[in-house]
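Encoded as structure tokens, here's the structure I'll be asking about.
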Amino acid sequence: MTATPESPTPKSAPQPAPAAETRPVRSAVVIGGNRIPFARAHGAYAGASNQDMLTAALDGLVARFGLQDERIGEVAAGAVLKHSRDFNLTREAVLGSALSPETPVYDLQQACATGLETVIGLANKIKLGQIDSAIAGGVDSTSDAPIAVSEGLRSVLLELGRARSPKQKLAALARLRPKDLAPEAPSTAEPRTGLSMGEHQALTTAAWKITREAQDELALASHANLAAAYGRGFFDDLITPYRGLVKDGNLRPDTSLEKLAKLQPVFGKTLGEEATMTAGNSTPLTDGASAVLLGSEDFARRNDLPMLARVVDAEAAAVDFVHGKEGLLMAPAYAVPRLLERNGLRLSDFDFVEIHEAFAGTVLCHLAAWESEEFCRNKLGLDSPLGSVDRARLNVTGSSLAAGHPFAATGGRIVATVAKLLHEQAAAEGRRGRGLVSVCAAGGQGVAAILEAC
Amino acid sequence: MAAAQDSYLKLLSNPLARELAGRLKLPRPAVLRRYRPGDPLLPGPVLVLGAGDSAGTLASALLDWGLDVRRHATPGERIGGIVAVLDDVAEPGDLAAPALALGACLRQLAPGGRIVTVSRPAAASAGAAAAPAAAAARQGVDGLLRSVARELRAGATGNGILLDDGVDATAPGVLGALRFLLSGRSAYVDGQFLLVGPGTGTVPADPDRPVAGRAAVVTGAARGIGAAIAEVLRRDGALVTVVDVPAAGEQLAAVANRIGATALQLDITRPEAGARILEHAAGRHGRLDIVVHNAGITRDKLLANMDADRWNAVLEVNLAAQLRMNEAFLASDLLGPAPRIVCLASTSGIAGNRGQTNYAASKAGVIGMVRASAPVLAGRGGAINAVAPGFIETDMTARMPPAAREAARRLLPSLQQGGLPVDVAEAVAFLASDAADGINGQTLRVCGQSLVGA
Amino acid sequence: MNAHPEAGPASRREEVRLPELPSVSRLLVHAATTAARERLSGTSRPAALPAVRHTVDSVRVELERLTRFQHLVGGTVRDSLPSAFLHTVTFPVAMSVLTRADFPLPLPGLVQLANHVRQYRAVHFAEPLTLSAWVENLRGHYAGTRLDVRTEVLADGEAVWQGTSEYLAKGVFRPGLDTGARPAREDFTPPAPTARWRLGVDAGREYAMVSGDFNPIHLSTVSARLLGMKRSIAHGMYLASRVLAGIEAVAGDEHEWNIRFAAPVYLPAALALRIEDESRNEHWVASSFTAWGEHSRRLHFSGSVRTL
């Protein structure tokens, strides 16, 4: 850190750590975050790779906190749609960034929960005293997505590689058919069901009888909240522009219920029931990257860095969606109650609730489940409903419906946002608020975390 | 430090082209002697002219710097700089001897040499006016210096130091100004006077790192002159925060990461801009010592075609925002013990410029603001000054019509070329340091002695 | 289909030992030439099913074909044989019975109506297997004549797998067999789906390559049209295999399954499916499945898997 130009070393050396078995668990704090604006697929970032975007997000974070040539304890990030050449994606991004090339790195992938899981994993390492500082992040591009060759071509190519004689090579090539040359684009369909995420959610949305109007209202609130947050400069120290894009490309500040109501449904059209999910109340395919700076309190103090919020606890859950026992994106409905139970908290104990808006229906199904006596009794084993989320505390600066959702980048966006919200509130009201973060993920997974203002 | 290309100047580095230009009587601008850390202060011995006591004491002071000091010119010897001490002229007749002595050794001045006069102002900033004959002689120095500066060739410059009442020739501020004017830092400062008043007597511990450990903020630092200022301040030891509008965040981050600064994305016209800057600087560095108000915009239009939006935008960014931020800074405990503010004015604000009524009004306003704020800053042990750049090769001037740009480069300044952003930055960095002790409320032109507003 | 197979051969069947696993394509050619010769000579087929049991000993599974099968149907590549794969292993033996000169029904045009399989234990791919097949239960159908093809897999002298396939010879009516009335078409309202399959135009040929069942109605549009189909159709055992691949992780090694085909799946196709699990004391006991045309909403097949 360049806190003092006279010497590249920190102002005071960190205390020598005690042996691992006697080391007390300490706090891990969110120092700040950075992301590039999220772009609609095949838009502003069409030519940028995951590595390019992650590097940009890291460089913006480095610039914001003066981390040039700093050796960070560990950086972890990931992407959901990943090229095989990106096997060491995060390491390559760090090597291309202004961080010290001696910064160790690992890649992580937990579908849409990737970003949140990097925060949790690194915060745990900080808590255990294994590292002092960390950067968690994620990136995804649907514009620069990997395109695979067909199984036929792949098998021919592999056999060609194994073939020794020209005759064997010719035999391998002879197996090639014209249709094998057509590439295969990645799909968001669940491998075990063949249903896309939207179709899965359409089933759950219908099962919970969530109306089109309720979904459109949530989408409208997301756009209005995000636009208002931009208006008050909230994102000035959370976003660094990239490739000429200054704000999230998906934001429609002028949208209205009337405009949203005109959109045709895109998911659930073959369900036999009225389809309610449109492009307006579903997240679009998006490109973007985010990064969150974490550290011990000691690290933050030594380097004169702000402490926004503590990473308190986290919980992951998974549901059996394969044969429809539970909805694909319902895992957070299980993760959150378990997390609250362990921490002795109720939904009403949170000042900010951030539920990733994969689809408006996803958020509304979670809320409905927690309010449902039947669900809470039969599925969660609770005596009474978990409770309601005050809508005034839900996604107060907008969420994925407005900002977009570059899968692995969403966790970092939310964590940095809620940490800053908590910090702002603490500064204004002088009290330590709590924030709840919940992210659903492909494969029937979900991750939730609690943050608390410093 | 990127600047728009002066391709003519580049061409003249070819000897053949240079010869051709000479035969065609085209101007042959010199490559200016600019500061590089480690270079000698002057390209040869320094000659101190003057019969009075001050000349003697000043010569000893220069000896203490390790300079090769001459009291009389050695025929045929190349001279690096000439300091003409004229603080004792009492009537016009006193000018003859030093003027002729100066003239006699002009041809010995090395390329990139320096002439600095040390004299007293015709009218001191306070106290009784000088007698008419003394005032005439003192004012005569003005014409003498400005004219001799126009006779100089090969990148040599001439500037003057004016000693206010009670300030003697070896006051720390005088020595600081003298060092600046003799050095390569003042490469594009030509034909100018610096008034040195009573200061606090502090001098930088290390003249090569005059702002070491100071917390500095530079607005409009994403590119051009602002980026150059940030870089020079960082080179000189400051802890730099670079500020620019969120939309310029990508370039801003690149500047921060290149020079080792922290980036703050902020629209300075926001009401809370001053507080945000204070919070950021104090958070990272404990306080705020140096503010450089560099951010500025142009919205050129003939007054006959001017609309309110263009007028207001320019006045708001270039002047009103600075006033508001200064108010916030001066009201805060987080401002350091000897705060230094440097504002960017413009020669347009001095001489006027067709099509720039709004810009010139804002920049003239800056000059007035600086003059009026000086006592307040002096009361806190600090200072506020302005730098008025002339034609500087930047992205902004690169957009001028080619003919106007050539005229501005070749015909108007004595140095026959445009300045570079670093030239402005050096002047700003000087005024931001304790080397400028006693200089307060002044506007220093960095214009290569342009005719504009001369 | 309620005909539960009993272990062991009926004593009155003649045991026919085949020296090796017959080639299905050779059998198919043979069957076609026999049928042509019959048309020319006007000879007619016997009225009863042959009382034989064809058996091949010491059959070993080709590992590469097993791998391709597991990949094709979306299963995990394991060392134990999927119960649907064992059906393809026994298929040549069954074909050798169906192509006998004394088999009473013409092979071309035989349509599969249903399958029932029991598997008693996991079978490792390296185990030498004894495969048997016979036919029984010739009976009428409103659209023709039905019969059951029975197959059995033995390992170490013990029956590990048994299968019954119900076939229909469409348009072939035999005296003395009660055809019965065409049952009223049942209304089908699709439930909420749990999955979707997109079947490419090549789905039939791809399955033929790994199953060895080169019935022309699956191979291509052209070959299917020669047999009176408007387009090629998905192989019934392919559909069953895909469903089973999705359930094999929970179903364990000892299970039985059945599938009944209601309408052919013309390729290419988009099928919607509902697979519903049934548990007792938190343990899986059964899954039922239904598949229909995503757009036509017409029932294609249904069935269930159940623990033994």
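For reference, chains read A, B and C in written order, and residue numbers begin at 1 within each chain.
Note that a residue touches a chain if its C-beta (ideal position, glycine included) is under 8 Å from a C-beta of that chain, and two chains touch if they have at least 3 such contacts.
The structure displayed is predicted, hence computed values, not measured ones.
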item	value
Pairwise touch network: line, ring, star, complete, or other	line
By mean Cα position, the chain sitting nearest the middle	A
Maximum centroid distance from chain A, chain identifier (CA atoms)	B
Averaged-CA centre spacing for the pair chain C and chain B, given as whole angstrom	92
Length of the line joining the C-alpha centres of chain A and chain B, rounded to whole Å	50
Sites on chain B at which at least two other chains make contact	none
Sites on chain C at which at least two other chains make contact	none
In the complex with chain A, residue positions of chain B that touch it	212-213, 234, 237-239, 246-250, 252-257, 260-267, 270, 283-286
Residues on chain C engaged by chain A in the complex (per definition of touch)	74, 189-190, 192-198, 202, 246, 272, 274-277, 287, 294-295, 297
Interface residues, chain A side, partner chain B - complex	2-6, 56, 59-60, 62-66, 68-69, 98, 233, 235-237, 239-243, 246, 304-306
Complex contacts: residues of chain A adjacent to chain C	179, 189, 191-195, 199, 203, 206-207, 270-272, 322-325
